[in-house]
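Across the two complexes that follow, chain A remains constant while its partner is chain B and subsequently chain C.
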Partner chain A sequence: MTEFLIRSLRRKLFTLFLVTVVSFLIIHLAPGEPAQVDPLNPKFTPEMVERFRRAFHLDRPLPVQYVLFYRDLFTGRSVSWKDNQPVLEKIGERFLNSLPLFAVGTLLTWTLAFPLGIHAAVRRGGFFDRGTAFFAYVLISLPGFFFAYLLILLVVNTLAVPVLGMQTYGFENAPALHRLNDRLWHLLLPALLGSATGIAVLSRYVRSQMLEVIHQDYVRTARAKGLPEETVLYKHALRNALLPFLTMFGLILPGLVGGSVIIESIFSWPGLGRMAYEAILARDYPVILTLNFIAAVLVLLGTLLSDLLYAAADPRIRLA
Partner chain B sequence: MGTRRILIGLPLAVSALLLQSVFWVPTYEEQARGNPARLEEFIQASIGDAAVLNPILSSDAASAEIEQLVFEGLLDRDEHLRLRGKLAESWSVREEAFFHVPAGQGGQANEAVRVAALLRERRARPEGLPPAVQAAVANIEEIAIEPPRRETREITDASGQPLRLHLSVPPRIRLLLARVDPELFAHLEAVLGEGYFLRFRPEEHLEAERPLPEEEKRRIAGEALPPVEHNPVIEFRLRPGLTFHDGRPLTAEDVRFTWQAVMDPRNLSPRASDFEPVKEVRLPDPLTAVVVYKRLHAPALASWTLGILPRHLLDETALRAEAIASGKDPAAFGIRQSRFNRRPVGCGPFAFREWKSDRHIRLERFAGYFEGPPEYRRFSFRVIPDLLTQEMEFYAGTIDAYAVQPHQVARLAGDPRFQHFSGTSFAYTYIGYNLRRPPFDDPRVRRALGLAVPVDRIIEAVLYGQAERTSGPFPRQTPFYNPEVEPLPHDPEAARRLLEEAGWRPGPEGLLEKDGRRLRFTLITNSGNDVRKSILTIVQDAWKRLGVEVRTDLVEWAVFIRERIHRLDFDAVVLGWSMGVEPDLHPIWHSSQTGPHQLNFIGYGHPEADALITRIREEYDPERQIALCRKLHARIAADQPVTFLYAGRWTAVLDRRIVIRERRGDEIRHRPIEPTATGNYRYHFNRWVKLAERPVFAVE
Partner chain C sequence: MTAPPTLPETDGAARGRAGLWRAFRRNRPALAGLVFFCAFLVLAVIGAWATAGRQPLLDPARVRLEERLRPPLSRARDGASPPLLGIYLLGTDELGRDLFARMLEGAWVSLTVGFIAVGISVAVGILAGGIAGYYGRRPIRLRHAAAAGALAAGAILGWTGHLLPGLLLLGASLLGCLRMRRRRRSAPIGLLDRPLIDVDAFVMRIVDILLCFPSFFLILTVVALLPPSMVTIMAVIGLTSWEGTARFVRAEFLSLREREFVEAARALGVGDPGILFRHMLPNALGPVLVSATLGVASAILTESGLSFLGFGVPPPHATWGNILADGRRFLFDAPWLTLAPGVAILLVVLAFNLFGEGLRDLVNPQAREGR
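Coming up: the complex of A and B.
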């Protein structure tokens, strides 16, 4: 087991290194200058553009830039090119903003999708199955921002309450309980929207996986033993249908970084995804690369986690 | 069994918890109307967050908007866009002019005495001189002789090597002028003799450490000892009793510090080019700042609209303390690193309170503002990155102003709850031709192409009428714009005749040809701008009707700039320029700026235009500057180096309850908001106030 961990970590570190190199190269392939440099502003003389480039190390050869960038990143010294703020500090603040959205969204997705999928599988071809299939495909095929606008219009027009941002603007002086509930309310719509598509996709997977195991002999055996239907479905069948989801579960971690750019932008939610998007528009390389690095670490952690979960869930798999 | 219950129960419980919160949230009604504090707050929505709240560092529009409220400059512009005093109570522009005398009979010392005496005499008895020269001589307030001196200077030569120079500076005549006179030396030649100033030989007074080629020596000498020198001097008298938001007094020291901060190479200030011509800032007393310039540079005056920084928070000592307190290396810690940029302190009408990234910036009115505190108690800047949600927030009353689109204004045009404004923006859109490439080197072809473009149809169909035609490089609402220059009419027939005159005749397929070559080129613009894309199509169609073979292409912005514009690799482009008030066209239209990476990428150059551009830069008299600008406008329009299309219109919407409050003693009156003559509806922002009830004005 420890041997597996060490070997796996070593391999993953190597992959991480490759990821840093590739992402660094890709970002420098993209044309453009950091947002502080405006090439068509008459006030920017060519000498000043040159000085900016020097300050951002853009005049050095790529390998040197690479080393300088990751040295700064690991020593916590890299600063955003947009506003000179330390990158890690910026990301930390946004991470805390994104976390509740991510947590609630993930929780709703990874709970509700299972009963929905299982029920649809059991009543295959029935009204419930066809109904959920219809809604799932509607949710999957229509873009998320469309629903977001509809939902905002609906809520604002009927309830006349604010929905944008993380809290009602100008509500800072209200009593603590009000403020807490206010924050919960602002969390509701983006979290629901974020999880809707997830539930739609995941419940379809659950359905098809369940369909595969539901006619297996051991399910019939369990039924024959006289176990209640719920135990048969949720214990005997689900456990065996669960394996592919372990891989998917490992991959939800990186969703923390870029999961909901559109939702965050529409709802003015100051989260990580929106920051990444704006950093890309502003060619804020330090922020983009740091987020990219964090996302890569999360992906690798996620795969490691799913490997371990596999071993725990499936006795046929032994880590060596 | 639990699994199912958990899987269904947990999310339902969470959702229920979240849903019940709706009962705790204040409705818009409660927030916007039931809340009297809301009336005292102005909330501005913005697509993007500010980047750096420091006027010497920022270059984005969002930061500028906040800085305008937090900081104050020595000057700003009044409703007619003329400069007026802000922190400066008054200012005067004078000039110190210097010239070296040539070695006449009896050496330079005697020559200097002779010339000074001659000038004094001519000033006392100017009879017989031409009137312009008389005026120039009368403008001289003081004539003095600077004694000779020796000086050693370190410079870098053409190859970048350090070089030590020994100068024996001969005596120099110093003239103090009541006002700046760019033509002083031309006029003085009428007194001293034709070509007098050219007779001084700087290279005779210079010894370099190592021998230099004659050419190089003359160049270096000319730079070290210019025969004539204009030093415009601006003297600012500050208002007494000014304080920053933290209560510390604002003095001339802070003015000088702001200049130094801009020029400090560590700060990489994007404003450096404005302040580079400053030679020194003298402080004769705490309320006087005397700015001496190295050369004539008329845009200099307007650059003092820059917000003044508090020296006590940003000088070496303060930065050092901050670096040490935050555990950073003091040597690498400059203004760019300081926390000041996230919580600025200025002396403007609003003081900074709070900045939550990508959420909001809060300001609070500054009770000690020298013009009296603004009527609004608070100013908030909310970041809402989506235009549609901005509109909804506006309707709900939780923002007061946002970047309203013309079609959104149309939606509430008849609504009595709102008032709306529109005006011409300071930007124009044009078709630029690469004048280095045929056929664009022929002005007749450019004019013909311009005549064929149906600009009015573009304005109608693409911009829904939200634009105005423009005929030249200055913003329409400034006095520099020449109203006598008419925009090109839409006249395809005249275009055809002009092209024929230029030798382009229809070939067998109806396409224009000259010497067996077709009139063929590519028109490009950046992708992501739907308006420009539509223009591209309309123009292509119009030109095809003439028999021009036009291909079009859309290029991603960054590639467009780097590969096409900066490398001068294009035939024709659709682009726009965003202008300031200052009429300095040097970077965009002067023939010296046509290289790669420079802004005159179309390659325009005309000796008369160059001369005018330089003169405009040197003209300190507003009336004369306007006359020169109008001449330049006519010159450029005559050449048609670009086809000027239109200047867009901006739109704005406000609640009708927002009015201007006027206080005269104890009497308070309200009047509706009216844009100034130049279209600025926010000009009186500090006196804006939101009433609880919609006001009824007699005039309405």
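Coming up: the complex of A and C.
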């Protein structure tokens, strides 16, 4: 076990190192320069450009830049090129905004997908099964931004509720209850959109897992013993069907960073995804690279977590 | 070619082509997907023909300022240069351009992007997965790495303008590669023969690295940094989405490698490329086809998402994504500018998804059992 942990961590650290190298190379070898050091930018004199270049270490050779950048990142000294704010602070602030969106979205996904999938599996081939199957395909095929505008049209036209941003402008001093209500309305649509594809994919997966398990011998045995259908389904079948979802649980972590670029920019939600979009637009290298680094860490942590969960839940699997 | 004598059929998996088609036809959503896909193909080709050229039948770029934001099916006013039949089938946009013509042009763009991106990703995936699965445990030795490194360094030097040293290095490393091939087992130089990592682990390591980047974020970054063009977008989508194909081609090849027919081919003296591509690949093609079909759907979605954010195919071309992105400013006044491209994307992607799932059921009979 410890041996597995050590080996796996070593491997993942090496992968992480390669990821940092690759992302650094992608950013720096791409043609074009950030606005502050672009010699064609009319707002800056050559002296200012020179000063910026020195401040950003852009006058050093690439390997030195690499070392300096990650040294600054780990010591918390790297600052955004756009507004000179410390990168980690900026990201922390945005992270707190993204968190409720992510949490509510994930909650919606997992609480809705399971009942839908199980019900479809039990009523296999029936109206409900076909209906959810078709609906799931539509949700998977629907471009998120288009769905967003459909919902906005619907909500704004019929319910007259403002939904852009995190709260309605000028509501800062409203009574607490009103403010909460307002925040919830603003949260609901983007969270629903963020979870739509997840619900569709996950419910299909739950259904196929359930179907696989329902045909097993032990389920037939349980039925033959005369156990009530509820017990057979939820105790004997479902528990065994749950296993693969443990792995998926680890894999939702990275969605925190890259999952919501489009949704957040439509709803003007000041979260991590929108921050990434703005940073890319402004060629704010420190922010892009830091977000990328965090995303990679989350991916690697997620896979480790799912390996461990799997081993904990399934005694047949031994980590070696 | 004469048909080989048929073996007694055991179950559905061994049925001939006609049987497969019959099984496919029973899956009505998949059939609908296929029919719609064919219709879309015809429409896109006609659209590309009708909107191209100097005097196109339907001009997607003609600006008629007096005909701004006309609703669908409205007649052209007198004096304006009318569209085909004098009717704006899908209305006009904020510059009075015929939405129908723009949608047709966009259909061709979506189709090209989808297919070429998936072509790239499938090619890379098959190559990487095939090499990993076939060579598996064979080690990459230090001399291989050195040659590859020198090759890459030469290419980078040449690329960044140091033409002479770059070319010299390239030539030297190529020469080294050739020599390495020729005297394969003659004189192993101790250090250079040190094994570094086996081929399989190497390819899978690359896949691991790729998986560490959130895919849409990576695509967005690269597309935003490179100069905008359709080629860039297709290449970037293709080169960032091959890991799935690589994974299951590898798994398939790992098991195919041990089969008798591969052994027979090897005994007959067929070379490695011949075994890989002529004998093993056709047996692994089913799942590749399925993931390619589903891949086209997701490539079209990705492209429209990029266009929507303003990083897509650059302006003279109309794409469904940028029609929608431009139309959102008129969401409440001219909803057809949002609805038409949105519904079109939905239908095409849905068709590809349904068709792909139908194919998956055919290729993978175990999954069919559950239906």
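Methods note: the second predicted complex is superposed on the first by the 304 of 320 C-alpha atoms of A that agree within 3 Å, B and C clash if a C-alpha of one lies under 4 Å from a C-alpha of the other, contacts with A are read in each partner's own complex, and residues count from 1 in each chain.
Keep in mind that, in the parts below, contacts are C-beta pairs under 8 Å (C-beta built on N, C-alpha and C of every residue); 3 or more make two chains touch, one makes a residue touch a chain.
Quantities reported herein were computed from a predicted structural model and do not represent experimental measurements.
Contact with chain B, but none with chain C, is seen for A:F114 once the two complexes are overlaid on the shared chain. When the shared chain is aligned, chain B comes close enough to touch A:Q85, but chain C does not.
When the two complexes are overlaid on their common chain A, residue A:A30 makes contact with chain B and with chain C alike. By the touch criterion stated above, A:E212 is placed in contact with chain C alone, chain B being left untouched.
Of the two partner chains placed by the overlay, neither chain B nor chain C lies in contact with A:P100.
In the superposition on chain A, contact is made by A:Y149 with both chain B and chain C. For chain A, the partner that touches more of its residues is B, with chain B and chain C as the two candidates.
Contact with chain C, but none with chain B, is seen for A:S141 once the two complexes are overlaid on the shared chain.
In the superposition on chain A, A:P254 makes contact with chain C only, while chain B stays out of contact range. Touch criterion met: A:S265 reaches chain B and chain C at once. Chain A residues in contact with chain B (one complex) as well as with chain C (other complex) are 30-32, 149, 152-153, 265, 283.
Interface residues of chain A facing chain B in the complex, by the touch rule stated above, are 30-33, 35-36, 38-46, 48-49, 51-52, 55, 79, 82-85, 90, 93-94, 104, 107-108, 111-112, 114-115, 149, 152-153, 156, 159-162, 164-166, 168-171, 174, 177-178, 181-185, 187-188, 191-192, 228, 230-231, 233-235, 238, 265-268, 270, 274-275, 278, 283. Residue ranges of chain B in contact with chain A, taken from their complex: 1, 3-4, 6-8, 10-11, 14-15, 17-29, 31, 35, 37-38, 41, 43, 48, 51-52, 59-60, 265, 268, 270-274, 336-337, 341-342, 356-360, 380, 382-386, 388-389, 392-393, 396, 398, 556-559, 561-563, 565-566, 584, 587-588, 597-599.
By the touch rule above, chain C contacts chain A in their complex via residues 29, 205, 208-209, 211-217, 220-222, 224-227, 297, 301, 304-305, 308-309, 324, 328, 331-332, 335, 338, 341-342, 345-346, 349-350, 353-354, 357, 367, 369-371. Per the touch definition, chain A reaches chain C in the complex via residues 15-16, 18-19, 22-23, 26-27, 30-32, 124-125, 133-134, 137-138, 140-146, 149-150, 152-153, 157, 208, 211-212, 215, 254-255, 257-259, 261-262, 265, 276-277, 280-281, 283, 288, 291-292, 295-296, 299-300.
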